[in-house]
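Note that the chains take the letters A, B and C in the order they are written out, and that residue 1 is the start of every chain.
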Amino acid sequence: MKTLKRGLLILSVASLLLTGCGNGSDVSKRTKNSTKSVEDVLNEGMNSSDEAVKVESPSSVNEIVKDDTQDEIVLTAADLYEEDPVEEELPVATPAPGVDVDLTVLSSTMVYSEVYNIVSLPEEYIGKVIKMEGIASTYIDEETGAIYYACIIQDATACCAQGIEYILSEDETLPYPEDGEIVTVIGVFDTYQEGEYTYCTLKDAKLVA
Amino acid sequence: MPLIKAVDLSLGYDSHTIVENLYFSVEAGEYLCIVGENGSGKSTLLKTLLGLNSPVGGSIEFFEGLTNKEIGYLPQQTLVQRDFPATVAEIVLSGNQARHRRFFYSQEDRELAGSNMKKMGIYDLKDRCYRELSGGQQQRVLLARALCATGRVLVLDEPVSGLDPKVTMQMYDLILNLNKEGITIIMISHDVNAAIKYADHILHIGDSIFFGTKDEYLKSKEGSIFVSDSLDR
Amino acid sequence: MLDKIFLYMQYPFVRYALIVGVLIALCSSLLGVTLVLKRFSFIGDGLSHVAFGAMAIATVLNLSNNMLIIMPVTIICAVLLLRTGQNTKIKGDAAIAMISVAALAFGYLIMNVFSTSANVSGDVCSTLFGSTSILTLSKVEVYLCIILSVAVVFIFVLFYNRIFAVTFDENFSRAVGTNADGYNLLVAVVIAIIIVLAMNLVGSLLISALVIFPALSAMRIFKSFKSVTVFSAVFSVTCALLGMMISILMGTPVGSTIVAVDVAAFAICALVGAVAK
């Protein structure tokens, strides 16, 4: 799974999957371009069943983690970071210092606006640690078979959605969450080029319970 | 020497002609009343006089340095004005827009507006809201505004419509006083009796056209029919 | 509460939004009285839909600055609508209704069929209801909004007396030689600019509210044109600020929150007006 980690900003997946209002043209473009072979379809099926199987154990793991650190959720995050050589010096405490952009303390209008700004001016945010809470979403590129994981944030009307893709750190013990789950992600913002588009991603991401 | 002279004037909208072969002239200090049935073209004549419409044929000429921009105008009230939030002073002051092209009013403009409000007996109402005034008071406000725009010629479009008889009389007296001060009056009216009482010249437009002094009008065919008509009513 | 406001203030886009929002609210309130009394409020509404249609085209063409298309198209339509209003082959309000629904329909259609944007629903939603657009302005848009708003305020102040005279009595102004058609044209152009600006603040469906409520509220209480104008401006700016603060703090959509505040404030003004009488 982790070898498939690639970056993608998933805007349209969100509007398509989560709100149903509007037309996810980005997705449809990708689908149009790809020629679906039987193998692909099978792979897809495999992937999703894979996912489904995986979820059963994670949920229990999740609970255990929660129980252990009920009072010190933040510490868990800090621990995770300390293990990470790159982010070694980041101190973490409420409201999450060491996190440059903490979206979890903002109102929904603000969250949406800030994510919009991140996505429209990504170069100003590169290297910053972003903490965000949103709905987990996966997207499979049918052409390459690559799977992208994104954290989706909706605006106040729940009509427009913005999302940022994330790649879990190698040290992350938790598996990728299931679609539709509410997740909190902390990661280092970065952009990369794929084809003619620039995509945003949170690399070395941690999941916070 | 006339102030205003119409020669072979034809009036109408677009290419549709309402009135043809209109000849009349107004001298300084005269009081002309334009009478006629509804739809006979009185208002169109007025608009042409003011330069709001152009004539279909013929011409209106101005003399002694008068232009149609220097004619003070008392229009009929519009729907817009009925709920317009404006004070009497603001409205009267706006009459000064005719006097210069500057964007802001000067002290001189304010003094002129003040003296015209006093002349019309509405100075104590100057901070009142226009829409709260009675019909007669509103007409005085518009008259004061027209006086700010001109000291020479006033054109009045049905100045007493909608007023009760007592206020109507006061309004006519006010207009007559202005005429006595030397201001030329051109007034449209339904009220032929008032026209005969106050005006010195009558222009009757309709199926047939009459222009002349009041006395000539009373003796004329148009006048006798129209006057007796309105007396019957 | 206060520390939360303080926290949000540190975001540059919040500061920009407040500045631009206040300016837009200010200039949209100025011509409110003229619009209401000259029966132009529907023109405002129709133009906002035209602006939406233009916006759709601009989005499809993938322009870096949408206003380059939206502004001229809206201004041209404003001028055309004003002309049809006078020269009535098709009755003025029918023409407006026609243009506005057509623009709305084609706008949405174009966006759906040709859009290259990844977030059609987001674009539509934000453009129609202004859920967050004021918070997501680019730097260029911020500067453009500030320049245009200042220009509108300047024009209004400069032409205040003439606009009053022409609004109160167009025929009289015309008769004494004021170029009433010129001023009507000016008003139409300014309205078009205001609408394009206000689309950023409240979205195109809610623009009329921003234009009408301040004027109507002021007319309940005040009696002179000057006091009505000044109060409209204060009313509009206050409501916009309050609405933006509420929406940022509570997470409600910006446009509708501002309009809701406007409605509430109108109710208060109506009450005050009734009691004063």
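The rule is short, and it goes like this: contacts are C-beta pairs under 8 Å (C-beta built on N, C-alpha and C of every residue); 3 or more make two chains touch, one makes a residue touch a chain.
Note that the structure is a prediction, hence the values are computed from the model and not measured.
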Draw the chains as points, connect those that touch, then say whether the picture is a line, ring, star, complete or other.
line
Closest chain to the centre of mass proxy, which here is the mean CA position:
C
Using mean Cα positions as chain centres, tell me which chain lies farthest from chain A.
B
Need the CA-centroid distance for the pair chain A / chain B, whole Å please.
78
State, to the nearest whole Å, the distance from the C-alpha centre of chain B to the C-alpha centre of chain C.
40
For the complex, give me every residue of chain C touching chain A.
7-8, 11, 13-14, 112, 115-126, 129, 131-132, 135-136, 138, 247-254
Sites on chain C touched by chain B in the complex
33, 37-39, 158-162, 164-165, 167-169, 171-178, 218-219, 222-226, 228
Along chain B, where are the residues that touch chain C in the complex?
50-52, 67-73, 75, 78, 80-81, 83-87, 90-91, 94-95, 97-98, 103-105, 127-129, 132, 142, 145-146, 149-150, 155
Residues of chain A touching chain C in the complex
11-12, 15, 19, 21-26, 105-114, 116-117, 120, 155-157, 159-162
